[in-house]
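Paired with chain B in one complex and with chain C in the other, chain A is shared by the two complexes that follow.
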Partner chain A sequence: MKKVYINSAVTISAQDTFESDGFLNAVKKLSGKTVAARYPNYKDYIAPANLRRMAEAVKMGVTAASKALKDAKITQPDAIITGTGMGCIDDTEKFLNAIISNDEQFLTPTSFIQSTHNTVGAQIALGLECKAYNNTYSHASVSFEWALIDAQLRLQQEESENVLVGGYEELGKEIITYRRMMEDVDGLGIQVPFGEGASFFVVSSEKTEHSVELIEIGVYSTISTESIQDSLKQFLAKNDLDLSDIDVFVSGRNGDGFDIYYDLTAELFENITQLQYKHLSGEFYTASAFGLWTAYSILSRQEIPEAIIFKGEIKSDSHIILLYNQFKGRDHSFILLKR
Partner chain B sequence: MADLRQELKEKIIEQLNLEEFTVADIADDDALFGDGLGLDSIDALELIVMLDKDYGIQLTDPKEGKEIFKSIAILADYITDNRAK
Partner chain C sequence: MGVAITGMGIISAIGHSVEENKTSLLASKTGIGDLQHIQTIHSQAIRVGEVSLSNAELTRQLQLPDVHNYTRTGLLGLLAATAALENANIYDCSTYRTGFISSTTVGGMDMTEKYIKQFATDAATQKYIETHHAGDSTQKIADTLGINGLVTTISTACSSAANAIMLGARLIKAGKLDRVLVGGTDALSKFTINGFKTLMIQSDSLCAPFDQHRKGLNLGEAAAYLVLESDAVVQKDKKNVLAYLSGYGNANDAFHQTASSDNGEGAFLAMQKALEIAKLNPNQIDYVNAHGTATPNNDLSESRALQRVFGKKLPDFSSTKSFTGHTLAAAGAVEAVFSILTLQEQYIFPNLNFKTPMPETGLKPITSGVKKEIQHVLSNSFGFGGNCSTLILSKA
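Moving on, here comes the complex of A and B:
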């Protein structure tokens, strides 16, 4: 089976991650209920005629994808695979509200057409005139992970050589705000703002100068707190690794009551560097793609920014990173990277 | 008629997100599709919905739209002759 390498990683996030060459050097402290991404100058990447119809998720997705391809020196990927939990929620809200206000008489075509979850993958393909495999996964907080697994399988089974894979989410105007309000009902809700963003990667079967190897991805719908440590150990053992092989542990802590899962897994990694990232990205269904961008950047640059340290000291070099994410005690994912 | 033409220009700019245009940029006889404003088939769908919703005109023959949407002047004439509201 062929190995899988991440050859480029690009993210548009609440931080200055797209246009800056630095790596989370000057971070913005996030506050409030929701936080928007820092939008780049889209006109550098998308023709104005196309831009006028695009909602934020489409603009972020197409732009991040375009830069990821450019960074990997790829003009035509063999597959385009996206993951999103909420899809193009802004256009969904628009056409549903229009149906209500027009007494179900008139459907606004543009927002209806662009409300589907696969709009971003489709717009990337249209822009590239790419007729290759194109798929979108929507499985709540493991949407991006399923997209990544699809990319991994295509490369391992030699169905593709270069796959563009990404995760995206947008805030929209209403539904996410209502969802955020639910978090504040008791004191156990998510403690970081709800966010948005787009992270895209070129994964390939060919290694390049900046490659980071994607060893394995594991997705689990449910794991109890009693069995999370064993599940993690089994995942590592399946990949011929032991706890002591891990140099850096990155968790998707968001401050809610389910951080107990991260506390339990962190107990296994007392002597290594432990990192977190959602205080910088905000929480959203594909925030783990921002986590992957962070881990890729650590390995390719051999640099750990102070802003993401949760516990432990920065070691001089890092070779294997384990990422762990879950949402509300469900949809757990482990991702292993190596350089 | 001048008021209707002005109204149509404002609606087209707003509903089709033509952020690069102002009302003054659109002449009454400018082509809406192709080399003019550069509208496309999705915009045509939006215009058909607008005719129905705002003026009570239901276009049943798609070929009809090709003539009606040639320019603001032609569209305004058609609305004046056929509007139900």
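Moving on, here comes the complex of A and C:
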């Protein structure tokens, strides 16, 4: 099977991750119900005339995508694949509220035409005049993972050579407050703020000096707590790996009752370095793309920032990282990366 | 030959089963009419392809408990998905590596738009807060059918289901799945009715695809799914193959967020790629089930793309959206089911309401049903964001 490499990784997040060359060394402690991303200076990437109409997800997505291509020295990808859980929720809410408050009258189309989930992938294609394969996944906490699986499939089947893959989410204004409300009345609800962001990657069949190998991605719609350990063991075995081969375990802990899945998984490893990231990114359906950015950065920089350590000691060098994410006990994903 | 299709299920404005849809198609009986289930000030100014069953009736038919949090998108989807598995004689999804790839554009909007202003205070409506996102209906259908592994949702506007079918075929070909249920579901909503209203591309009469005087589309709602199975499963279980998915193509028009380019570049590229994968020449296509929404822009752009692909020898073509309305994300799967029926019946379903060819192209679709030999059907689905997809279905 053809090998698959991640050749660049860019993230716009609640932390200073886009414009800074550092790696999470001066982190902002997140608090509150929701946390917005730290927006970059979009004007460096998007023409002002276009900026005015764009919602935050589109601005973040187009900007992160553009830098990911630049970092990988790619001008035209041969596929653009995005993932988003809630899509362009801001324009969706805007149009819906206009319908409700104006009793379906005097509406303008702008927010409607920008409300579809594929708007970000479309705007990237439009900006690049890229007529290649273009797809958008919207399946809760594995939206981004499916974009990555599609990219891997295209590279392995030799349908593409350089694929632009990204996950994005914007907070929006209304549905997020109801989602937060439901978490806060739940005693075992999510303990980190809801967040937003955009993470983009160039995934390629060609190895470069910044390459990190993407060994495999596994997704599972449902797994019980009783079988999570076996599922992980089978996933590793299928990739000819033992538990002892894993140097670092990155989990999508968010403090809710379903963190039990991460505890059960971590039990399998002895003396492993355990990392977490959602206290820095906030929780959102494509937060795992921020997790992948973190893991890519660890392997390519050979550096683990203090702020993401959950448990365990930092070993001198790390070769293989396992990422595990789930949301409310479903839509589980394992990702294996290798330096 | 491509990937074997061994089952299909559908619910649309022209019927609640494959049989009912076939009967309406053969009788040239449209499902487009007056809106029943949604309260909107536009109800007199639009015609829609609505599924006649109410949510309560769908709930009874699906034997769900009276209290549940399925959206209409989920109810329609579950009905069609269950029917597709039954049609393929699949009663246990754990015997093979089985996946589920669905698609939707509005997701749970039908409930969100009803209850959003009550979410903060009315506990009874709060079960719909978590059903807004596109993956919700897919998760519920997968859980009900017992599909636990590879499950996802695609949302590329009106080309969504075609992309879901394409991904399923690619996963089978790559050996990652043995069988996969693929398709899409979308319910009518006030949101889309008003959205297309602002774009002024919604007709107040029955839509007339490819006609010079076409006034726009009729929205519809539907769900449709296909079962794809690997050759190994087909052989081992001696499965009855309905048709083969022999080609697929995906390209982006990269022209405008909502409008198609004048020369239909994205559509042209998608059709070319599909022909390439199917290893077919354009002259081997016997019939085109067009995207044909009946908007001035789509039908002209698609006609030009068809002329670019097929030259002067254009195959017979028609748009069955004149029966069902434009069912958005589901359209690609609805029309794949109709294409399979075309192959099985060796019969081209007509493009209703067409009178006058557009002067720019002079193209005439098939306007009354025709029996003829059909080996390969090409089906188009295009969407907002320039997403263009083409499927080629071949006789079993």
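Going forward, the second predicted complex is superposed on the first by the 336 of 339 C-alpha atoms of A that agree within 3 Å, B and C clash if a C-alpha of one lies under 4 Å from a C-alpha of the other, contacts with A are read in each partner's own complex, and residues count from 1 in each chain.
FYI, a residue touches a chain if its C-beta (ideal position, glycine included) is under 8 Å from a C-beta of that chain, and two chains touch if they have at least 3 such contacts.
Computed from a predicted model, the values in this text were never measured in an experiment.
K.L.:
Which partner, once the models are overlaid, touches more of chain A's residues, chain C or chain B?
P.N.:
C
K.L.:
Look at A:136 in the shared chain and tell me whether it touches chain B only, chain C only, both, or neither; answer first, second, both or neither.
P.N.:
second
K.L.:
Quick check for you: in the superposed arrangement, does A:117 touch first (chain B), second (chain C), both or neither?
P.N.:
A:117: touches chain C, not chain B.
K.L.:
Where does A:105 make contact in the superposed view: on chain B (first), on chain C (second), on both, or on neither?
P.N.:
both
K.L.:
When the two structures are overlaid on chain A, which partner does A:49 contact: first (chain B), second (chain C), both, or neither?
P.N.:
Touch partner of A:49: chain B, not chain C.
K.L.:
Which residues would you name on chain A as touching chain B in one complex and chain C in the other?
P.N.:
Touching chain B in the first complex and chain C in the second, residues 105, 107-109, 113 of chain A appear in both lists.
K.L.:
Per the contact definition, I'd like the list of chain B residues that touch chain A in the complex.
P.N.:
These residues of chain B touch chain A: 16-20, 38, 42, 45-46, 49, 52-53.
K.L.:
State the interface residues of chain C toward chain A in the complex, per the touch definition above.
P.N.:
40-42, 100, 105, 107, 109, 112-113, 116-117, 119-120, 126, 129-130, 132-136, 138-139, 142-143, 147-157, 163, 167, 170-171, 173-174, 176, 190-191, 194-195, 197-199, 250-258, 265-266, 269, 383-387
K.L.:
In their complex, what parts of chain A are in touch with chain B?
P.N.:
48-49, 52-53, 102, 105-110, 113
K.L.:
Would you mind writing out the residues of chain A in touch with chain C in their complex?
P.N.:
80, 85-87, 92, 95-96, 99-100, 103-105, 107-109, 112-119, 121-123, 125-126, 128-140, 142-143, 146, 150, 153, 156-157, 174-175, 177-179, 181-182, 219-223, 285, 330-331
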